[in-house]
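The first chain written gets the first letter, and so on, giving A, B, C and D; residue counts start at 1 in each chain.
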């Protein structure tokens, strides 16, 4: 397998790289020239010039451009090798998609239950040993996990691009806030109600718009999200932009968790003395919800209904030809996704104790969508990792304080360019079936991938391209 | 193989029509893509529809499978031992449920799903589990799922795809993709199988194994086949009756030998080139 | 009647600005079916470049119409460069991947550019100089149409005419139409797709930059955040008119402008955005391809 | 397996990195004061003007040897003025063991942060104006140096009656700050209308590309005076477009307009507009020094909350010094409510609810590009 450019003299190749890097760096400096060198003094209406930032920019761009070209070519080279293999008469079936990852290895082995148990145990212990801040972040991350998994059903599994997902999240949150405020209903009553309201709204919106395809669905859902936010801003009952405060946290059989129970926990379990025990309860509620969601999504994905969704995502025409009622499949996916948003919304409202319409902005929908896409569309562990990364990453980037959103945006672009399938690409369930002489497991993807590793010598099987 | 259809045989005789169109017409804007097409697919036979490029063959398929709604005319299915069913105006999925299954000229597999899953999706219309079944996995659902997987595996074994059951469909060689598409259509337990240019893009060897496949399908499954094809030798060797269509009109019909000699057919084909 | 005229003029100016930005969305969508979320930022960069240029040129002694036109030209050139670069970096490497990847990349680009301008310039609103010279003959009717409004309308009309001429009569314009119709066929016919896509971004960015200059003149202050709001509105307009259709974007933008103005005048300005979005949803439900968009025919 | 390790390592890092500061909390040489507020995003300028004020006050103390013998160090957390981000910022600050926190910038964020602080810290805001924050009495350790929203409507209404305005239009920016002011004004007028009639009460969208339609509405309703609820940026745009169209309606706005940027942005168009604001502070020697200091450090003009923030910080430092401790909340509260401290914003003492005593609003009219105080009896 030869790299096309390595057939040239290496010296000339390096020179070409340097030239390209210089060119890129020159271009970026030209682009940045007015915005980064001219500074306006707003009080005196004067403008001053300082080129001190340019040399640094030029240097950084030079290095980045060379790296960029290197990685881009590597990516292209991977694409080539697949074609080369094919042209050499090797069956393409050998170069297969899902390579074994640590995830599939662990989950496929007999350690899967012990590993899961340890993970679960760790998650269960976490709130008792960590400070309030961390519990808070974990609750938030788990809310996003559950939102991500819900949206994953709509976008990742069913291929319906929903850009107004946050509307259903808001429905859930406001259901609890309003019912709690005006009727005094508690969390546990509102949890199913919030889900119900969100589902009904999903159906209500779904009926007229579901026949829209692809991007149009995206646009209508986007508008719906904006309308929801605007209506919430303008209604009196929701107190407009001031929002609703003093939303009660979830109750636990009417017990006062911050009373003797807290004293007990602090004294005996080493719980942080500043901990609000209600937060621990919220943590377990959302953890439970996430586990339930994972089970549900996993079961759905490998069921008649879930396969119908996947078929719909892959090819709408062919899916109908297989006897799938497209409209019904779409509606179920859409409404079911909304259900999770509603559930997450109720938990969110009880967690934050204050909500207002600005929380449910378009950017929030985008955040949730980014979780799904960055994590890996259609992949449950991918979405979980995506949520953790997107919630935790900005926190970790705080060291760069004012640059963190800049870096965040750049990372999103880089991620899509170099790993469009997401962090963890979805792997399909391997079905084993005992038939005379044919045994399943080792004939599965893992074995094939191992073979190809030996074949192309690169040690890195070709990845499947992103899902469309 | 489990067959959920009512027992055939009493009322159906080989050669009786199982699918029939009467005066089928399709107009796009002002353009008549199909004009009064009358066609019959005989029970348990292989019927072929041929014609030059752009003559309206695929449009015909799209009309009877519900992707297009025909402008005029009737499409009727005669299930053995059951009352006739008018298919015109029904949704594609309902038509599949009644027993029409098709493949596509440009292969339309579910690329990012495994071979087995592709076939399982074909079982969709013969399964019942809904949302609750999926979420709670009750006994009936589990049994149904087991049976569906079993059935699909049997199909894959029968048609020689079982060793790739867990591969992604897009990673299959081209010929196997064609084969898988046919197997997927068979999984819906069709009464009539519609094949849209199955030999397109296949080399000579693959075409010959396709011929065997088509014949063996007709023998193995109780299914009638309607074939659209360009490859004349394939059509002539497998089909009992051939319809020829040009500019949306039927210009000839009959057994292969007649068609081979029909001047109108020769003109339609040669005149084009 | 006066009130109606007022609202009409207000809708017309609003619609004109939306149209300039909406064209960028619709052209890019027409060519590569991508919702270019970073387009609003290009408009914002246009406004910032215009501000900087006007201060530099102003201190060099330029004034009047000459200043306005040269500022607009500089903003257009810079925005075009940014648009081209954004396409090269964030979208080109993603061709042929899934439909969602470029969308996320676009969002990332948008976040990046917003923060870049905030860091490079200022998180605050900056004063944009009043670049529109006095127009004496307008004095009697200034009650209905201000000089800025007149300039906005003129710029928009000229841009539209220019764009139409470009699309209809130049070779690149024809190539664009061909690619929008059928990319594969266009490629077979010898059209350089990469060039066409780049040109689309460049032209869309130029129009957005003009929008940025005009908004600066009209609002006389800009911040790094203006791209987001205007972008959303313009995008809505593009969809309303039928995304992918150039006359559609203009029609959609005008409808949106009028809808907002009249809703503000006769319903309540609190609800005018709701009215605008409801019109959008209704149109999309009854005519999913938008007012002037072409229905997609399913190919089997 | 390598990626599994990597994954777990990332998780562990993510989980435990924020813990690090806890270990070294408050035992080092410096005394840490928290600041929670908007440092990023479109409201960053408000947060920064708060932060600069606090930094100024801290620098002053540090120059004189520090507080309780320790140098003051300011620890910041951004909440972008978003109520959903504020709890995290709050918990992060509290988690480091900080007991003295300045902030937050916006009312909504302050409210949701308060529930996270859970009465564990002294919190002093210099810009959260919503009435309920102190009025509901739920947060005994919350103080603020800004006057409350309700004080603004009172003085504005008095001014309108004096001027004899009859037709009033009330517009707000649909934000929590703006709408509260607008509604307060609406209620006050309804309670005691006199000759005043509200001809228009509406919200407008912030950040629009044109306000011509709103201008038409004002003209149509023949409003003599416009009461604005919101910030200066939208107001200056609106007024400029009004003047462009020859509309002369007088604009009266809240302290959100009492900001030099309002005049910078609005230019000549905002001449004659009226804004409520705190009593002029920039004339005292202390304030002049502060302005001079500010201008050497930052390119921006001195922000709207600079003095409130500096005053709040100075009051807090004084109370800590007197209490002799930075940890005993009740002792510090006692001094905050009982002692009057001279600060750059004038004398500061808080009442039992946590509001600053005596910081009343004054009315300013913009004349020749400056705010000039309107004398009222």
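The definition used in the following text is that contacts are C-beta pairs under 8 Å (C-beta built on N, C-alpha and C of every residue); 3 or more make two chains touch, one makes a residue touch a chain.
The model shown is predicted, which means the values in this text are computed figures rather than measured ones.
Steps from subunit C to subunit D, minimised over paths through touching chains, total 1.
The greater number of contacting C-beta pairs, out of the two interfaces A-D and A-B, is seen for A-B.
In this assembly, B is the chain whose CA centroid lies farthest from the centroid of subunit C. Chain closest to the overall centre, judged by the mean of its C-alpha atoms against the mean of all protein C-alpha atoms: A.
Chain centres here are Cα means. That of subunit B falls 49 Å from that of subunit C. Measuring from the averaged C-alpha position of subunit B to that of subunit D gives a distance of 72 Å.
Averaged Cα coordinates give subunit A a centre that lies 36 Å from the centre of subunit D. Subunit A and subunit B have CA centres that are 40 Å apart. Shown for subunit B are the residues that touch two or more other chains, namely 67, 104.
Shared contact sites, meaning residues of subunit C that touch two or more other chains, fall at 122, 124, 127, 270, 273, 298, 300.
Counting partner chains per residue, subunit D shows two or more touched chains at residues 40, 174, 203, 261, 264, 300.
Residues 91-93, 95-98, 296, 299-300, 303-308, 310-311, 314-315, 317-326, 332, 336, 428-431, 433, 435, 438, 440, 443-445, 448, 464, 467 of subunit A touch subunit B in their complex. Remark: subunit C residues 3, 6-7, 9-11, 13-14, 17-18, 118, 122-125, 127, 130, 142-143, 146-149, 215, 218-221, 223-226, 229-230, 233, 260-261, 264-265, 268-270, 272-273 touch subunit D in the complex. Residues of subunit B touching subunit A in their complex: 65-67, 91-94, 96-97, 101-102, 104, 108-114, 116-117, 120-125, 127-131, 133-135, 137, 141, 144-145, 148-150, 153, 157, 162-168, 170-173, 176, 184-185, 188. Every residue of subunit D that touches subunit A in the complex is listed here, in rising order: 1-4, 7, 11, 13-15, 17-19, 22, 39-40, 78, 82-84, 87-88, 91-92, 94-95, 108, 111-112, 115-116, 118, 120, 130, 132, 174-176, 179-180, 203, 260-261, 264, 299-301. The part of subunit A that touches subunit D in the complex is made up of residues 39, 41-43, 45, 101-103, 105-106, 126, 130-134, 136-137, 140, 233-234, 240-243, 245, 274, 276, 352-356, 358-359, 385, 388, 392, 395-396, 401-402, 405.
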